[in-house]
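So that you can tell them apart, the chains are marked A, B, C, D and E in the order they are listed, and the count of residues begins at 1 in each.
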Amino acid sequence: GAGDDSDSLLVLAAASLTDAFDDMEIAFEVANPSVDVEISVAGSSAIGVQIEQGAPADVVALADTMPMDALAEAGLVENPSQFATNSMVLAVPIGNPGKVDDFEALSDAALFVGVCAPQVPCGRYAREVLDAAGVDASIDTEEPDVRSLAGKIAVGELDAGLVYATDVRSIPDRLVAIPLPDGVDVRAEYPIAIVSDTDDRDGARRFIDFVRSAAGQAILTDAGFGGA
Amino acid sequence: MGTDVAVSPKGLSAHIRLTRAGFSINADLEVEAGSTAALLGPNGAGKSSVLGAIAGFLELPAGSEISVTLAERSLEDTTARRWTPPEDRNIGVVFQEHLLFGHMTVLDNVAFGPRSTGSRTAEARRQAASWIELLGVSELSDRQPHELSGGQAQKIAIARALAASPDALLLDEPLAALDVAARSEVRRVLREQLDSFRGPRLLITHDPSDAFLLADTTFVIENGRITQRGTPDEIRRSPATPYVAALAGTNLYAGLAAHGSVLLADHDHTFTITDTSMTGSVLLTVHPTAVSLHPDCPSGSQRNVWNTTVELVEPLGDIVRITLGGPVPMAVDVTPAAVTSLGLRPSGPVWAAVKATEISATPA
Amino acid sequence: MRRPPAILLVLAVIGAALFVLPLIGLLGVTPWTDLGSLLTDDVVVDALRLSLITSVAAALCAAVLGVPLAWTLSRVEFRGRSLLRAVVTLPLVLPPVVGGAALLFALGRRGAVGEPLANATGFVLPFSTWGVILANTFVAMPFLVITVEGALSSADRRPEAAAASLGASPLTVFRRVTLPMIAPSLRAGIVLAWARALGEFGATVTFAGNLQGRTQTLPLAVFVSLDANRDAAIAISLLMVVVSVVVLVALRGRWWERTSP
Amino acid sequence: MRRPPAILLVLAVIGAALFVLPLIGLLGVTPWTDLGSLLTDDVVVDALRLSLITSVAAALCAAVLGVPLAWTLSRVEFRGRSLLRAVVTLPLVLPPVVGGAALLFALGRRGAVGEPLANATGFVLPFSTWGVILANTFVAMPFLVITVEGALSSADRRPEAAAASLGASPLTVFRRVTLPMIAPSLRAGIVLAWARALGEFGATVTFAGNLQGRTQTLPLAVFVSLDANRDAAIAISLLMVVVSVVVLVALRGRWWERTSP
Amino acid sequence: MGTDVAVSPKGLSAHIRLTRAGFSINADLEVEAGSTAALLGPNGAGKSSVLGAIAGFLELPAGSEISVTLAERSLEDTTARRWTPPEDRNIGVVFQEHLLFGHMTVLDNVAFGPRSTGSRTAEARRQAASWIELLGVSELSDRQPHELSGGQAQKIAIARALAASPDALLLDEPLAALDVAARSEVRRVLREQLDSFRGPRLLITHDPSDAFLLADTTFVIENGRITQRGTPDEIRRSPATPYVAALAGTNLYAGLAAHGSVLLADHDHTFTITDTSMTGSVLLTVHPTAVSLHPDCPSGSQRNVWNTTVELVEPLGDIVRITLGGPVPMAVDVTPAAVTSLGLRPSGPVWAAVKATEISATPA
């Protein structure tokens, strides 16, 4: 458990899981009244440092397999497994002020187009999407995280951008997804793992099982994630 | 009280009524162009406040009534809601605490006025250098103010005010920080400058020699009120308050006269005077040389004799000034020989005597 | 009665606009109708309580440690003084996330100092309210140190000499003469440190995590709401603005106006 | 020759440890062998150049707009003065991301002022270097305003009176007497603003985005590297620390030491 | 030059050698316990610096040699690397600029010393109140220093120093800011306090009357050097430098004597003296009353006659002091009647004459 409170289960979750894991917490606690789940969300990189520096956490859920593999290699987490996927979409603000009808429009220099930075997963995937579609996009910003990218599209600062399906789902009144061209299908994989140092291995196990259970998957699907 | 001074068109006239923090000032001043007025008063009498009101620095408390006119231009008139900012009054000020600009050299301090009124830097510096030379401190030109002694700083402050070629000059105790040698030297410079300066000059001081030596008119201010005005001579000859009398080197007492006796107002003592017809409030003047001192009770013609103690023995040039304690504080001048023969020393007992004819009485 | 110079006023208005326009922008997108329900959510109430506690505690810690540090930097001559002076500005320059990571490297459970500390006492800073206070102190203290050191260095030293001649020990001089003399700057420094601590996000989330009721302060609550519940995020931001403006305006005259003539 | 009071030294050492320990922690995880190659990457070189340009530009903007604003706040009496004074601290309190969002609401392409501006002139602040400078100025200016206003309010007003009596207009008094008098605080304020602008991350990324060579400053480069290339992130953080320490130490004696006696 | 003063065990002795910013000080002072020494000198002579060195305030430049001993305790000795911090010297200081603590009331300012040396607040306040009463300004107790006039502030600064019951008392121009009335009053209080104070007292001043009235010994400092020491009488009677002579109201010139003629060192003039045997460096003294002034070249027995201009006309009590300009600056005392009959005015021409017998010459 976290700190001195041994009944609670501390879950470190990537920021894009905020809403899904809020619901997850409630559902799990209903199912396991004796366990108090605490969710601490932060950027993937912050979670990585926290785990390395011995954060008193029990479960880690990230938005990318690479950092999780690194943690596993270092022996800091055990048995990472995929629990959700997310797909890339082309998002435009509601009303589509930039008149982006298809993927080719992304190469229009007059449009404001954003993607994630190549160093972060959604940027990696965005590049895969663009390569697959064969578009030489005129990029105005490479946002360090997908939330800030989705936010900029939502307020209309950007005319279009490549974000996750879950981002569009979480602000349906502001974002519209434009279908990707055929044959372009890039999926992000979300891994979850037990922290090696956990003092509640059983609780951690149970939480992960819950996430991967039908009930957990339903919550994730509801938030726009693809199944494991 | 005092003579009314008509002010010439080019002069300065100020009417100031204000109360702040329980201290109220009620003073009217007029200074003719080309003449120097001294504002003489004890510490805390309100001299600096009057200067602040004239120069436009004072934060005016509500209910103040100020009007200031200089060279026929009304600079301020609270009833007409007129107010001129300090920089447009063209009144030069030398401050009690010099207030040189710490981040400029002495030369640039003095050049500040000319530069502010439009001269170019080189020209302003040239003017400044000549003012500094006039005050005989050219070697200080390149120093920073914090490298000056108190007296040096004050000289530079005077040069700075003069260099701005103001219409009127206000000086707040400009000589207070100077040593005796520098003081008479700066006093000479000041007088030359004041004399060649065509506007009105107001000199604030608590030192009567400054007032008497440099001023054409003197205003005495006590506790926020002008208590006497006149030429230095008039003030010296007929002091109107004990403070002025002390300044003029004489003794003054207020009292109630009846049948040739005067019961002093502030002291538990009665003097005998010659004029038996006088009745009511009177002012008595006793010149310090008119009093004789004796080791024992003198048996002479003197009508006023009393026993007292010596408070202070001060050699003043060729005479020695003795200050007597109760019942009547009095300054007495004697010769150094008398001090020795009478064994006068602070706290020692002594008899004092003065003839009734030596006490001059005027109706108050 | 003074006419302020026009050029100064024009520049001042432009400068003020830089602060006022974003505030107006924020007010323009504020969900006024839902404000009540958004702000009474217990996430927000917990975060507000925690934010007030930790920001005040951090401001006090910053004062208790920062004033002596400022005094030492200004009054004691030692090798490396200007290096230390520069290091004090570290939290200003370092992106807060990196600052939080650096704190973890030093004071985390595996940190250079944190590990022996945890082994000896069992006391773990990260993911505790103490950790929030530490992270807040770390980012807020430079403000206080710099403000106070500036005041100390430009203060008139002569009253201190006068106090010493009256028999006052250096500590008494510090307490009874130096501190009161720089009181306006000290107050300004504390207010600055408090305001910075109130808004602190990056170092806190990295060092102390983001746990409702324990480490989730208002800025962290804004962060978790940004995605799905933008209205809540804006409402909380507005709450922070209101809290700080209310505090600063209430302290007006006492903390901001000059007290000595 | 003075013995500083022990209690002050002890507290000062604890205070200093709070800054020194994280720095040591950071040095402990620095990839020393790869440092050269990590820092000569053209992403880093571009970011360094952009950071230096924008932080210096922001510090200058903050001075040009902030000094008149501080002067107005300290010397001109007007309704809402203490409210404005509190609003100036907004960027301190607001989490930078929210600050950036507020800037977007006001000056973004779709912002209240930004949209008419863009329609009229075609000039768009977000996603441009100008936007970075604006965001940096926004977060950095409070430091300058607060430092300078404190100095103005506690400064001796009598030299200003003396200058006015010498015929100097209010603007001349301001330029030639007031500004030099508060020069040490002004310098400290500029340095603080510069350091804050150098470390600025949240508002910049939110308002101006992140594009190498145009809007990606060092802190943004650090942030995007944190995930994939921690060593690079730490190397760049260290570079920022070194840049600011070098600048601050180099300016020692001129900017930090008191100049007047 | 001057007499050597042996210092009693309880006294203060200070040896100061230092150079800062091109100005060097080289001064040895000894003050016996229970006696008052005055350190008298013009602006910038180094008086405040000497005080700073004794009190332990001065940042010592490298190469300084300071030793200070008080009541047989060596407080500082640069050769032995000994240094006592100011608060442990137990030396009371009244500063030239009063330096009251702006954030405390007058009462707490005066109570600061007793509190710092261990008294409890109530007791310290009680002591402070009695000191304030002694100086006659009880009504100021609850004021803040910025609500005081310059003179009031200085009185409180004196009370504050005395209330700390120091072993020695240093006063840096304590009367400079006071008006004439307050000055003689504070001078009396000071004298009472100085007299009842058992330790050594050092009074810094540029006002010879303070030095002559309050001090037992006087050190004259000029340009960083002690140029004369002795009792006020000795100094008045045989001034060793022109500065001291001017203070003592007489004229002093250095020159080279040969065959009854003295060529002045600093002025382009020669005086005739009676002693024809004198040769080499001499000091000439000319009393202001020994000089006669004439509208035209006088044809009399005087051996020294020269044409000059009037620089300054100053009434001093019953006489008028005339200051003459080049070739030999000289102070001359005449009667007011003479001023009128000779038409003396600044810048006016005049002839001066002095008999050889009236010029006293001593080997330098």
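What we mean here is this: a contact is a pair of C-beta atoms (placed from the backbone, for glycine too) under 8 Å apart; a residue touches a chain by one contact, two chains touch by 3 or more.
Because the structure is predicted, anything quoted here is derived from the model rather than measured.
Of all chains in the assembly, those touching subunit A and also subunit D are C.
The rotation that brings the Cα trace of subunit C onto that of subunit D spans 180°, given to the nearest 5. Centres computed as Cα averages put subunit A at a distance of 85 Å from subunit B.
One finds 15 Å separating the Cα centroids of subunit C and subunit D.
Computed from the mean C-alpha positions, the centre of subunit B lies at a distance of 55 Å from the centre of subunit C.
Between subunit B and subunit E, the centres computed from C-alpha atoms are 23 Å apart.
Residue positions 2-3, 97, 101, 104-105, 169-170, 223, 226, 233, 260 of subunit D each touch two or more of the other chains. Those residues of subunit B in touch with two or more other chains are numbered 85. Multi-chain contact residues of subunit A, defined as those touching 2 or more other chains: 43, 45-46, 151. Contact residues of subunit B toward subunit E in the complex are 21, 41-44, 48, 96, 147-152, 176-182, 184, 187-188, 191-192, 206-209, 212-213, 243, 246-247, 249, 311-312, 314-317, 319, 323, 346. Here subunit C touches subunit D in the complex through residues 2-5, 7-12, 14-16, 18-26, 28-29, 64-69, 71-73, 75-76, 82-99, 101-107, 111-113, 134, 137-138, 141, 143, 145-147, 150-151, 153-154, 169-171, 174, 184-185, 188, 191-192, 195-196, 198-199, 201-202, 219, 222-223, 226, 233-234, 237, 240-241, 244-245, 248-249, 252-253, 256-258, 260, going by the rule given at the top. Within the complex, the subunit A residues that touch subunit D are 43-46, 48, 64, 66-67, 112, 114, 117, 119-121, 139-144, 148, 151-152, 155-157. Residues of subunit A that touch subunit C in their complex: 2-3, 10, 12, 15-16, 18-19, 38, 40-43, 45-46, 49-50, 52-57, 147, 150-151, 154, 167, 170-171. Residue ranges of subunit D in contact with subunit B, taken from their complex: 158-159, 161-170, 172-173, 176-177, 180-181, 183, 259-261.
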